[in-house]
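Per-chain numbering from 1; labels A, B, C and D assigned in written order.
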Amino acid sequence: MRDPPPHLATPMILVLQSGASEEQIQHVVERVESLGMTAHLSRGTYRTIVGVIGDERQLQETPLEAIPGVARVISVMDPYKLASRESHPQPSVVDVAGVKIGGGHLAMIAGPCAVESAERMDSIAKAVKAAGANILRGGAFKPRTSPYAFQGHGEDGLKILRDTGDRHGLPIVTEVMDPRRVELVVKYTDMIQIGARNMQNFVLLTEVGKTNKPVLLKRGMSATVKDLLMSAEYILSQGNPNVVLCERGVKGFDSATRNLYDVAAVPAVKALSHLPIVVDPSHATGRPDLIGPCALAGVAAGADGVHIEVHDCPEQALSDGEQALLPERYAEVMQQIRRVAEAVGKSISN
Amino acid sequence: MRDPPPHLATPMILVLQSGASEEQIQHVVERVESLGMTAHLSRGTYRTIVGVIGDERQLQETPLEAIPGVARVISVMDPYKLASRESHPQPSVVDVAGVKIGGGHLAMIAGPCAVESAERMDSIAKAVKAAGANILRGGAFKPRTSPYAFQGHGEDGLKILRDTGDRHGLPIVTEVMDPRRVELVVKYTDMIQIGARNMQNFVLLTEVGKTNKPVLLKRGMSATVKDLLMSAEYILSQGNPNVVLCERGVKGFDSATRNLYDVAAVPAVKALSHLPIVVDPSHATGRPDLIGPCALAGVAAGADGVHIEVHDCPEQALSDGEQALLPERYAEVMQQIRRVAEAVGKSISN
Amino acid sequence: MRDPPPHLATPMILVLQSGASEEQIQHVVERVESLGMTAHLSRGTYRTIVGVIGDERQLQETPLEAIPGVARVISVMDPYKLASRESHPQPSVVDVAGVKIGGGHLAMIAGPCAVESAERMDSIAKAVKAAGANILRGGAFKPRTSPYAFQGHGEDGLKILRDTGDRHGLPIVTEVMDPRRVELVVKYTDMIQIGARNMQNFVLLTEVGKTNKPVLLKRGMSATVKDLLMSAEYILSQGNPNVVLCERGVKGFDSATRNLYDVAAVPAVKALSHLPIVVDPSHATGRPDLIGPCALAGVAAGADGVHIEVHDCPEQALSDGEQALLPERYAEVMQQIRRVAEAVGKSISN
Amino acid sequence: MRDPPPHLATPMILVLQSGASEEQIQHVVERVESLGMTAHLSRGTYRTIVGVIGDERQLQETPLEAIPGVARVISVMDPYKLASRESHPQPSVVDVAGVKIGGGHLAMIAGPCAVESAERMDSIAKAVKAAGANILRGGAFKPRTSPYAFQGHGEDGLKILRDTGDRHGLPIVTEVMDPRRVELVVKYTDMIQIGARNMQNFVLLTEVGKTNKPVLLKRGMSATVKDLLMSAEYILSQGNPNVVLCERGVKGFDSATRNLYDVAAVPAVKALSHLPIVVDPSHATGRPDLIGPCALAGVAAGADGVHIEVHDCPEQALSDGEQALLPERYAEVMQQIRRVAEAVGKSISN
């Protein structure tokens, strides 16, 4: 594991309970100091506040909230380091077999949910390439809610995807779910996808962090922006700097859309981190009629790319056909994306 | 109250419980028919399904789920009528004292959260007008979470807002909270705002529905798209057709932003309704640094306008200063909005 | 309006941005001091923190976050005063025409969603009284999502409810939605209900705060515990101390239940406030089969009462029939509630 | 993999778009029939509805929503089979090394978040055993949001936990995160825990499904009740029938509690499934002062057990100390749990 950055002096703030006794206050101070940290006491009329300075790794591992008399612990610095903009002020540009993502370069990732057959893959790849896509996607290992649903073609699927990408000059991205299969998937793909359901599968994150492949890390359905960056930190901390984040919708209360597309997460991530972030309006909305408008919204908000599922016969798709765009519609959306990209000063890599 | 559209034959579907007895099935059919509706029985191996056709007002008032043996009631048609696209296929254009909203015309609503003084109002109005805003906002009656917070200047505030708008050639919009004050507010304003917390204040909706003033109806923090359209229906059903919806963020779990900006609601509303919809990135994000990107996202997604809070000294604002843009920054955002608007084929009304 | 408690010295904490300049730091201090507050500076290696002491009303009205260089504002004390346990350490007991709520006394509120007819009201009242209910509910003014749905019988409904309560020796509670009708409703009822959709209708809260009637304040669907207490503060600040809170479910993402029943809000409220709180499993779950278990959960968690909708023919109810219990089932649930109440050392008032 | 139950005739309902053409309707029918399913057409004035009967595995794999003209697909039967109450009407009782869970028997699972040392484990085990706990918990592999936080003692931790359990006569439960470690963990433990973040780690679910060990499956933070049952189905479908579910809070918008404790999920699960379900108020609330009330609420709502983190010096805990109960407080909570358990007719296994 890569060394974390040199010990930073991180302030934490302990707000004591309103009725904290003198003894409790003293115990808090002693406890903090016994851990090798410094305590700064500030007594108000109603509350006492203790500023804590110390080694942040130590601070993260110590449950200061559990000290009697402590009402709240407020962390002032971000818990991620390598992912933070403070540690790396310039935006990162990730290179996926020649296609740049970030720093003004837009990734246009397209393809079917699952790799179904060589023929279908070929016709879809041809269509999305013609429309301007620059990375081809397709699942060989599929996370399915039901154990009885189609789970993907496995290594055969990887081979088809690899061949199709090569034939059409498109780098490929595909999901890995099993830490025992990372080596296999890495052999075939140009970019590894970590799905939303595995965003906090720390074992898997660690495993892909040990490779050097670009990783497309999708935001979990109930992950905060901070959670997403912490998961990126897992990968970065293993030595793999090639992480691209993906906003794909979080859980919401309105069934009008499958998920709630959190487009504000795009600039919110950029304020905190140097990592590129793309949007996935297919999974975010689950509705083909909303994919176009939401793709444009993502680009306008500053996203570094758009991930869209495309299938040439959605009603026969083996997985998620109901949210796929037809190739003709994808081509139209790409036209509009180009115009909006230009309006915000970006261009599609190729 | 305006007559609802002529009785429509609305199908509802009753899914019976898996163990529903023959007697229960018969009772369901009798009950449906006793209400003057027609029942279509469809027996499956495991479940029986009953299609119900009848007068939809009757259907809405009858708790079919409470009939013994009924497991689920599925409503097939939308419960709003006047707000629906089916009843009015063309997009509506609302005219606010000469400024058009909808049908390709963008409203740019800007101004401080609260009307504070004539001088401040004047300098802000001058700045937003110069930047390209076409409607001036400002609160005279403020909904504040704390009873001890500044509640607005009342009628004096309305007078200042009216004068300022007239002097700068900007129509004005201001919030009303009290049904007893609708008459007063209507006397001064060009457009009435219903705030998010009052979206389901049906008494207030009914009252503004009786006027002819354009209404800016903000989405409640836990309102679905359907709830929002039902609240619009309240206003429309009273005879006031001039409703403009506003997406301003819903409750979310991530404190990275104040609310969760649901930009997909813009095309989702447009799929269901002919009413114009604007976005309010100020309230949606609560963070000045995210307002610009989220304004662009809204326009790219198809919104009919953008509502932004602007204050020339946010740190002295009497309300919500922390989410206001400075006039200079607003002018920059307006430049970007113009470029994105052009990219999606729209223009700012004036 | 009642005077708020004497000026308390309230600490706020300003966390400055990591790159805040010396000038910004000085401006923050000057700004704080110009407002008559005291600033305590604490410089860390990476961040500077400013503790602010001052008059809390002033603090609440000042957007400290908008001062350049300020990254976060952390409020240490609660913004509600009269509702807080700090201001009133003993639990309040609210008396509703002789029925005590709080301090070990449980309110059992039952009745139909809407008052439909004198006969129906009578038979339901008789049944719930026999089962052990001690307060009768019924709506005369109904907040309905659809303008076309049954809106209640108005004053006629109030008369029926009053008569029924008197005949069966049950105090009554009914909802008011319109500030112009508060006087009318107060004339008839023993307790006023503020519905979830009006929890932040500050005009209405102020109006019922001016009366002396007990108020049943239902939690809004997206209201935090703090929001709920702030709304109670509106009523209390007008001089009406008789507020009973009600947890009735918040918006959730799982359609398995109508709302998400937040039973932890019961002890969370009790940790912060002296006000009684009851639970409403009817609205929280929207499913008759879950009402019993969730009622027991509420009592076990420390609630001061249970609000359940009961109807003797749910399938003919004019409103919300699908979530009503039959009287026989209500009687069974009451038996179980008595056992759980005893297990936690409480009893049902009468 | 175990065979799913024999082909069931599963109705699905297709609601067609309001303007669906005659050709589209015919295409839908042909498409359904080409898949070997039967279509029942029901034409309304405004909408046409198609009932579909067929092999449910086929139905689950076919994206019927993607057929042109289809507006909505409504599934009438549950997608889980082995987990459903329909397939197994009696409640399951899971035996964990002699301790029964379900069918009136309550599991009281207690222990520290992480196994820290043999001494600490011993003193905690002694205390919780004395208080009435019947299963000992402790983590040897810890899922931590930060890669820099303590990750558990691994196999050494497993040995300590095994020894401690044996010495105090308590079966043990511990988490597994890595499919490559399932064999190792199974060697030591009596029950395997799948954490919330891994609830949809289908690779891991499949792996534990191949063992015969009881599994404690925690609900994911954004998982619906149906999602939870589908994840249980993964384990069951591999041949392992010993699944115990655990409600531990879902994501909510109110920071008053760490998560939103969904106590209604307990009876909601019981309505759909025969599997036992326990509650975890420690993770659900993240606040020691709420653990007791929420534990009681869970038992009152029908839970088959309670999982509580206990630590004898929370402020020195290596993980999650801020949500642990002290042994003395745990003993008090256990006293109250016994009384509420008795009130609902249950008892603690031993």
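As a convention for this text, a contact is a pair of C-beta atoms (placed from the backbone, for glycine too) under 8 Å apart; a residue touches a chain by one contact, two chains touch by 3 or more.
All values reported here derive from a predicted model rather than from experimental measurement.
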| item | value |
| --- | --- |
| Of A-C and B-C, whichever chain pair has more C-beta contact pairs | B-C |
| Relative to chain A, chain with the most remote C-alpha centre | C |
| Centroid distance [mean C-alpha coordinates] between chain C and chain A, Å | 39 |
| Between chain D and chain C, distance of the C-alpha-averaged centres to the nearest whole Å | 32 |
| Computed distance of Cα centres, chain C from chain B, in Å | 26 |
| Set of chain A residues in contact with two or more other chains | 222, 250-253, 255 |
| Residue numbers on chain B that touch chain D, as the complex places them | 8-11, 13, 15, 18, 40, 42, 44-47, 49, 51, 53, 74, 76-77, 86, 251-253, 255 |
| Touching residues on chain B, where the partner in the complex is chain A | 222, 224-226, 250, 252-257, 260-268, 271, 281, 284-285, 287, 289-290, 293-294, 296-302, 336, 339-340, 342-344 |
| Residues on chain A engaged by chain D in the complex (per definition of touch) | 1, 4, 31, 57, 60-68, 73, 79-80, 143-150, 177-180, 197-198, 200-203, 206, 220-222, 227, 230, 233-234, 237-238, 250-251, 314-315, 317-322, 324 |
